[in-house]
């Protein structure tokens, strides 16, 4: 049984649709994980204890369990308590929160590392603590962790494959569907891998450009 | 919440957790081996090896582990690689995490001050002797924590082999969900076990790191 | 011909999803039980072989057969032309109907209304393509448990599934449901093996026929299904 | 309208301890409107602590600080205090040794951040303000640069412009030139001299004795948390009464001649 | 047996470029057995590069380096070259500005690593060797310490002992004292003086003019990749011919007097 890539073109439309979904999920989750990460970091550092403690537990939960399980819970679990999320939204939220927790760790460290003089300077100008955080400290912290956050974004793209388990027709599920029709797993998985790789290269390129731009403001 | 059911099936979850642990251990060992090999290729004098090392990292970090696993498991036989699911899981995940570990190991090695290598070389040590006696012992300490992060990702990644039917923790949960229609009880069981495994590993790594730092 | 190698090893490796009660599922003892394994074991026994039950995800189950991870699928697989092109079928070893279920009191009472409905199906089953051909809005899930959850949750309005499994599963869960009546042919569930093994196929078929003859089949069916589903 | 006798800035019996360590021991200091006061003294004598107490950045453990007829270091419930102190600080410009420019903002952004957020100026007004202030410190041509692209002296001039943009009533300088290379000190001193000529009220912690003598109305010598001696620069630098002052100046004037 | 006329260490027309940048321009230097040569010159003049060319750590782009009757920088196939250079380097001890002690090894481990690996000495022999060498630099009592537990001066003395343990024929020092606090310089200089008294052949890059004058037989002044002037220390430091040398020394002697 040899390899036969001639079966692929017939399913290219399904695959390309999968690519679009994959990009959509990745983009949505990336945005959520970025801003969520900032939000969590600020909460973890400056929130009152009754917010900080539950947050710690929440963080623990996300760090300590596989994404696969989290996706199941968000999609099939939340609806039991009346929160009905479409699969796509559940996927974005699951992926997004998962990586938001990782980003939050990075940003927390970076916030602590921002020179104390920056907060002081902002405060002497009359800015309140919140204003100083928002305009002076957090932007610098975020800028300092752009490269590792970029790494997380790329990991996120690849983990978007897991969203197939809750039935979003992204690239992996599209490949599986094509395989279900043709029973040619190897060919379609290779094609899917190639698409992932290309998207990955694209993301790396964008991230390099962002890093270079951010470099100016150091 | 069906506590009764949970009490009945939890021994099987324990057994499955043991499979997850075994998977994790084998995968970690293979990953470390791949990482060491990859790092030495990336740091090699020969351009060909450097290129191969870079390509390995790029491809295996650039595509989803799930897909790599599928290709190996379902596609492998088409090119004559027959593996059972457990073997495929270990090899697939190990080679994948090895790409990440390559970068971790390489990073720690190049983080060692250039002067260390120079000093060893001036004493007349060969490149390999300097690496073995001077650079690696120092780099080994630097890499404990970042490798710990890789291993944490790896443990969670073992859930992927559920997709190729290794009956580990996640697949056990899935099978029971299919048979009992009680998803939350099953996820709770597997979630708690994952947290215990991950917490334990984290502590072990912290301990190693502290010990290595004493001098 | 693989019959010889199988006989040589003395073991018949049989695959199923392990998550399709009552046909195949995991019991409290973590054993895979149900109608399918019972049939599989019986066939193996009659061929003088040990049976080894392997559970694997449904969406990769044919891939695994082709990849020689096991020798046969006794997993309630509906015989279709497309599948027949890549595998050979022995059987059918039971027949069932396609059925469409709704929640009681649903606005959808006839098949003609389903153009406006969210239809849930299992990924890779024949029902998925059937529903898509009708131009319905289809959502795919990993398995029957998810389908039933979603029907209950209201994210899908109707589900399309094999009638027996669904009815039994709903009974098990205590779920209320209604069916939509429509014209449908019967489907045969077959045992899938790799192509080009006529001797293996013949010997399995013979074993199956024999157990249907001597009443063993009915005993198994009564035990797990509660009806003769030949 | 303040009477000429009531001081503009008034520090009354300031005390500050870190645990057992008494850093400020009952210090009082009055500054009239338009006056320029220099604080000198050895390292660790409490100069920075005193300066930072003025805008309550290092709150005192005892004593009061008044600006015109308002007490700065009032005890208030948290929310009210925050509102009060942010108000107060807008009136007090501060310049640090290490500039503390915001590296992620351009020069323009640094200067306009506070006015925009706190005074709600429009973008056009902000630009005008920034240009005005940067012109004053001779940095107008660098308005779109980032701090990392500036020399130390230029950074410090931008920091001064940033403080001035809030139109403060008092300016505090904490060793504004001591992190600078010798060639760069002069350009910052020039800016401070210009402010002096415009009668800005200033309190300056410095190690530059020559500059202090040239610019200030009054000099305070601090050591170990107390004001050892104070007086007009002519007297303080030429013939101080106190022996500690004499010793300190001897060392510092010797170094200056290197 | 080398004739007294043939130099012990011989650098012939050394040239080195990094891309377009010519760092060494046709430099020649002969060192007799037991001679001590100091190289001085401004930063970036190529002193380190020249020193590091001697044991081929920064290979030259042109010219030859000979030790006794063996060419050091031979062109050889990779494997052979590696064998050759590791052999050569055992004869050339080198001490760096930043010590480069191995932090994961004790003092003993640092000193014995190379002898153990390269000369195959037994543990007992190694211990004896380590004690001998550490005694010479006055560090015997610290034999089981780790580098992180030593002061800068102590680290440098261990680094010297480590180099000496290979019984080198030549010792190279690249600003061995310039990362040290002034109080610690002396203890390292003493060790180097002792080596001088034992007639070790040495090439020393240094900024310590006083030390160079006291210890060396010959001084080389380099600037911009060429040897501007060379001669005995008495002449070089008292009345150098060349104007550039004069300027350089003026600055350096002034600083030294500070």
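All chains are identified by letter, namely A, B, C, D and E, in their written order; residue positions are counted from 1 within each chain.
Everything below uses one rule, namely that contacts are C-beta pairs under 8 Å (C-beta built on N, C-alpha and C of every residue); 3 or more make two chains touch, one makes a residue touch a chain.
Note that the structure is predicted; figures quoted are calculated from it, not measured.
Trainee: For the chains other than chain B, what are the connected groups under the touch definition?
Mentor: Contact components excluding chain B, positions unchanged: A, C, D | E.
Trainee: Starting at chain A, how many touching-chain steps does it take at least to reach chain B?
Mentor: 1
Trainee: Give me the superposition rotation angle from chain D to chain E, based on Cα atoms, as a multiple of 5 degrees.
Mentor: Result for this pair is 175 degrees.
Trainee: Counting only C-alpha atoms to place each centre, which chain is farthest from chain A?
Mentor: Measuring from the centre of chain A, the most distant chain centre belongs to E.
Trainee: Computing the C-alpha centre of each chain, which chain sits at the greatest distance from chain B?
Mentor: Between chain B and every other chain, the largest centroid distance is to D.
Trainee: Where are there more C-beta contacts: B-C or A-C?
Mentor: B-C
Trainee: Averaging only over C-alpha atoms, locate the centres of chain B and chain D and give their separation in whole Å.
Mentor: Taking the average C-alpha coordinate of chain B and of chain D, the gap between them is 56 Å.
Trainee: Taking each chain's centre as the mean of its CA atoms, how far is chain A from chain C in angstrom?
Mentor: 37
Trainee: Compute the distance, rounded to whole Å, between the mean C-alpha positions of chain D and chain E.
Mentor: Distance between chain centres: 51 Å.
Trainee: Do you know which chain D residues sit against two or more other chains?
Mentor: Not one residue of chain D touches more than one other chain, so the list is empty.
Trainee: Find every residue in chain A that makes contact with two or more other chains and list them.
Mentor: Residues 1, 76, 80, 185 of chain A each touch two or more of the other chains.
Trainee: Multi-chain contacts only, two chains or more: what residues does chain C have there?
Mentor: In chain C, residues 60, 63, 66-67, 142, 149 touch at least two other chains, as defined above.
Trainee: With touch defined as at the top, which chains are paired up in contact here?
Mentor: Between chains, contact exists in these pairs: A-B, A-C, A-D, B-C, B-E.
Trainee: Okay, in this complex, where on chain E does chain B touch?
Mentor: Going through chain E, the ones touching chain B are 55, 57, 78, 82, 86-90, 92-94, 96, 98, 100-104, 113-114, 117-118, 146, 148, 159, 162-163, 166.
Trainee: Chain C touches which residues of chain B in the complex?
Mentor: It is residues 5, 8-9, 12, 15, 70, 73-78, 82, 84-85, 162-165, 167, 171-172, 174-179, 181, 183 of chain B that touch chain C.
Trainee: In the complex, go through chain A and note every residue touching chain D.
Mentor: Contact set of chain A toward chain D: 115, 117-118, 120-129, 131, 135-136, 139-140, 143, 216-218.
Trainee: Which chain B residues qualify as touching chain A in the complex?
Mentor: Going by the criterion above, the answer is residues 59, 61-68, 70-71, 74-75, 78-79, 152, 156-160, 162, 170, 173, 183-184, 187, 190-191, 194-195, 198-199.
Trainee: Looking at the complex, which residues from chain B come into contact with chain E?
Mentor: 45, 113, 115-116, 118-127, 129, 133-134, 137-138, 141, 215
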